[in-house]
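The data blocks that follow each hold one structure.
In the two complexes that follow, chain A is the common piece, with chain B as its partner first and chain C second.
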Partner chain A sequence: HIATSLPLPSERDHLRPRIDLIVFMIDIKSKCSLKNVEASLAYVDASFFLGKVCFLVTGVGRVNCCSIETNAISKLAEAYCSPVLFCELELEGVRVATAQRLLRMLQICAGLVPGFSALSFSLLMRNSADD
Partner chain B sequence: DGAVRTLPSLGRLSRGLPFGRVHGRLGASPSSRLVLPAPLSQESGDPQRTALLLRKAWTLYSVTPLYRFCRGRLRDYARLLGAFIAAERQKGLAVEVGVELDIKVALSSLPELRGSERDQPAVLVQLSSRSRASPKNSEDKILWLGCFCCMYGDDLSENMLEDFTCLPLFLASGAESYMSVVGNWFQKTFDCIFRRLAISPFNLSWMVTMWAGCKVDKAASAVELTFSVPHLPQPLDISYAIHPEDAKALWNTIQKTPGEITQEEVDVFMDCLYSHFYRHFKIHLSATKLVKVSTAIASAHCDGVVKMLHSQYLSGVLMLLTELAISQIQ
Partner chain C sequence: MDETVAEYIRRTVLKIPRDEIKMMLQKWGFLSEAQLQTLNFHQIKDNISQEVVQLCEENSADIKQAAALDIIYNHIYQNKRMWSVYQMRKTGEELECFDLTDFKKKFKRRLRSALKNVTITFREYEDNAIWIRVAWGTPHRQPNQYKPSYVVYHSQTPYVFVSASVLKSNLPLLCQALIVASNYHDIREMELRSHSLNSLKDIVFKRYSQNFQTYCPKPLPGRTVEPESVDLRIINENRSEKERIQRLNQEAFGDGPQPILQFAQYKLETVFKTSPEMDVLDKKEPFRCLVKFSSPHLLESLKSLAPAGMADAPLSPLLTCIPQKARNYFRIREKRGLFPGSFVSP
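After this line comes the complex of A and B, so read on.
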């Protein structure tokens, strides 16, 4: 499911399946997208931040077009205890690899991988990012 | 894994913004801070020499340190470069069609164009010509100018080995064909690499904030920002002009410490401009690409073209550009 911002329209609440993972997409070329994500984060229930939220930064292939400082994104990710993935949608290889990573994360968050919970996985990602 | 290897720029991105050095203030807050050099007093340096940098459109390049560049041999280098250019023209390169020209090369040092004591003084490369048809005592016409420069480039020159000269910023004015010949000669002779220096919207927003906040005289030109709107079938550019006094007044309400700028202050300044525009036109400028900024101090385009307009703030502008160049090299 894709939405341009949160909250999701309440009319469809009863038809919506369980949400296992929220991926917030930030386009590094658009400051507007960061503001949009920051505003939408306020509508997310706190329990999601135990491993069911991730930030996806797109457009990183073009350093000369960036409008956002990566420090700001790192601080946001730290504040919400969630991992950040960087990708470039225009490169097919990266696009495919990123999609595979997200699918894998989704499997874990949905509880389909035995021995791994969303929380334990997010702690794992956080520790390796600090290195 | 393969995906990571195709994103060479990632390392540079994750290091944070280029204008992030904390000058002499330890234990300061984590937000990036830039200290502005005081504007030059009118009497310092030879105004005539540095005046040639003003009011020209300069294309920016970053240059890696030059190996075994000897300042005492500038005359020799000029002679060698002249011979190289003549040879290239024989081969049919760098030729202006239909004109018979003798191209004269001059290299000179600009000792007043430097920031700290550790900076190398700037080096000027001048290509001039006299048409064989014109009378003997007529003035040479300047065909092309290039300037190697380092303004407060301590980050780079700190740990530099002896045989290397750090002049990371190169400004070029004139035909591209001359740039490529001169660039080739320097690259071959001093084992360095020239690369075009582009300016990201992020860095442009720092520049416009800094320059709009500078004190200028009554007749100053407007602060102008140009945006390009992506993803449209027809290209669309939006130009946003602000009265310089309004921009300065806005900056005065935002700046906390005189002589310093932080990332937060830049963000607030830009957000004010964007929300003002949104209120009137219902367009989110923050979703577009900032491609050009123009103030009374200087103007800069994302393709890496700048024009410096005010002699007093010349060193401030060159300091920013030097930092950009250094971050591209490292």
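After this line comes the complex of A and C, so read on.
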């Protein structure tokens, strides 16, 4: 399901399945995109932040056009205890690799990987980033 | 042949891209086919232009022919120049028959009576467009052929498109000659400028696809959002919002291609408003500020703002009224309602 912002329109509530993973996409070329994500975060229930939220930063290939500091993004990720992935959608290889990573995360968050929960995965991601 | 003419022809040929030189010389028609055959178009442009000058020497070209070549070049590369639009008005509704020779005669007479040293060249094109090239001089100097003004006049309309040279002082004289020659009463400059001459014509002749106010209570069935080659597994949560934006955009801009403009300029003469505590300015003077939007294709980029999520739909009427009002230079004063429409002061 793709949406431009939260909250999701209520008219489709009955058609929506269980949500296992929320990926917030931030375009590093647009400050507007960061603001939008920050506003939408307020509508997410607290239980999602136990490993079911992830930030995806796109457009990192174009170094000249960066509008957002990676600092700001890291602060956001820390504040919400969620991992950040960086990618460049215009490159086929990176796009495919990122999609595979997200799918793997989704599998874990949906509980399809035995012995591994969303929370343990997010802790794993956190610790490796801090080192 | 005059040296200045030779140099001018040489420089004009140098401006033309190598692949187009033959075509343009053929259009010009001054050199015969046989002469054109002798030219080698595969050498460097410097040499080609020298050879062309040689041939023109043989045919004894004068400034008139050189000016004709210049008009041809500028007609094809019209988008390199900046054009502005003038509107003429006449008192009374008499529809007079337009006589081309009469127009040319009156125009030349008017200009020459004021300024002896001018070069005036005319060329007519199929779409009823009359191209006029004027090179300006002074009573003591020969006309400067490198800074001419171009005028495009469609005889059945009150509009004139002018690409002035840098010498702006000749503009009033040019305007005078135009109204005298075309039997109009007065002329004013519209606040509309662009590089694309055809787009300016589209705007003033209302040839672009406008959206008329039709009473349409719900969107017509069968109107879908841009057909994306979408996987059915992707569900768009904000579909109704996207459709709303699409509909508003279509109402504002219409369906067809937009005229090509490069700038929209808003000169603000409004008072700076602050909260009373922050009384920055003691006197309520207008805060002079200029907002300029620029783009290779301004209207198309404005049209794509809302669908791209960069602006809220509907867009400000200040932006969407540009083609309808046929202007892209606005002056915004302190208002009592929506922005005042008729505040153009010459």
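Heads up, the rule we're going with is that the second predicted complex is superposed on the first by the 131 of 131 C-alpha atoms of A that agree within 3 Å, B and C clash if a C-alpha of one lies under 4 Å from a C-alpha of the other, contacts with A are read in each partner's own complex, and residues count from 1 in each chain.
Here is the rule we go by: a residue touches a chain if its C-beta (ideal position, glycine included) is under 8 Å from a C-beta of that chain, and two chains touch if they have at least 3 such contacts.
Owing to the predicted nature of the structure, the values given are computational and were not obtained by experimental measurement.
Participant: Quick one: classify A:E69 as touching chain B (first), chain C (second), both or neither.
Facilitator: In the superposition, A:E69 contacts chain B only.
Participant: Looking at A:V60, would you say it contacts chain B, chain C, both, or neither? Reply first, second, both or neither.
Facilitator: In the superposition, A:V60 contacts chain B only.
Participant: By the touch definition at the top of the document, which applies to A:T4: first (chain B), second (chain C), both, or neither?
Facilitator: Second partner only.
Participant: Could you tell me if A:A39 is touching chain B, chain C, both of them or neither one (first, second, both, neither)?
Facilitator: In the superposed model, A:A39 contacts neither chain B nor chain C.
Participant: Could you figure out whether chain B or chain C reaches more residues of chain A?
Facilitator: After superposition, B is the partner touching more of chain A.
Participant: In the overlaid three-chain picture, which partner chain does A:C81 touch, first (chain B) or second (chain C), both, or neither?
Facilitator: neither
Participant: In the overlaid three-chain picture, which partner chain does A:L103 touch, first (chain B) or second (chain C), both, or neither?
Facilitator: It touches nothing on chain B or chain C.
Participant: Answer with first, second, both or neither: which of chain B and chain C does A:L112 touch in the superposed model?
Facilitator: After superposition on chain A, A:L112 lies in contact with neither partner.
Participant: Chain A residues touched by both chain B and chain C?
Facilitator: 30, 32
Participant: Write out the stretch or stretches of chain A touching chain B in their complex.
Facilitator: Answer in residue numbers: 28-33, 35, 60-72, 86, 88, 91, 93-94, 96-98.
Participant: Which stretch or stretches of chain A touch chain C in the complex?
Facilitator: Residues of chain A touching chain C: 1-5, 8-9, 11-12, 30, 32.
Participant: Give the list of chain B residues in touch with chain A in this complex.
Facilitator: It comes out as residues 1-3, 6-7, 9-10, 12-14, 16-17, 32, 198-202, 205, 230, 263, 270, 274, 284, 286-290, 302.
Participant: Per the contact definition, I'd like the list of chain C residues that touch chain A in the complex.
Facilitator: 234-238, 240-241, 309-310
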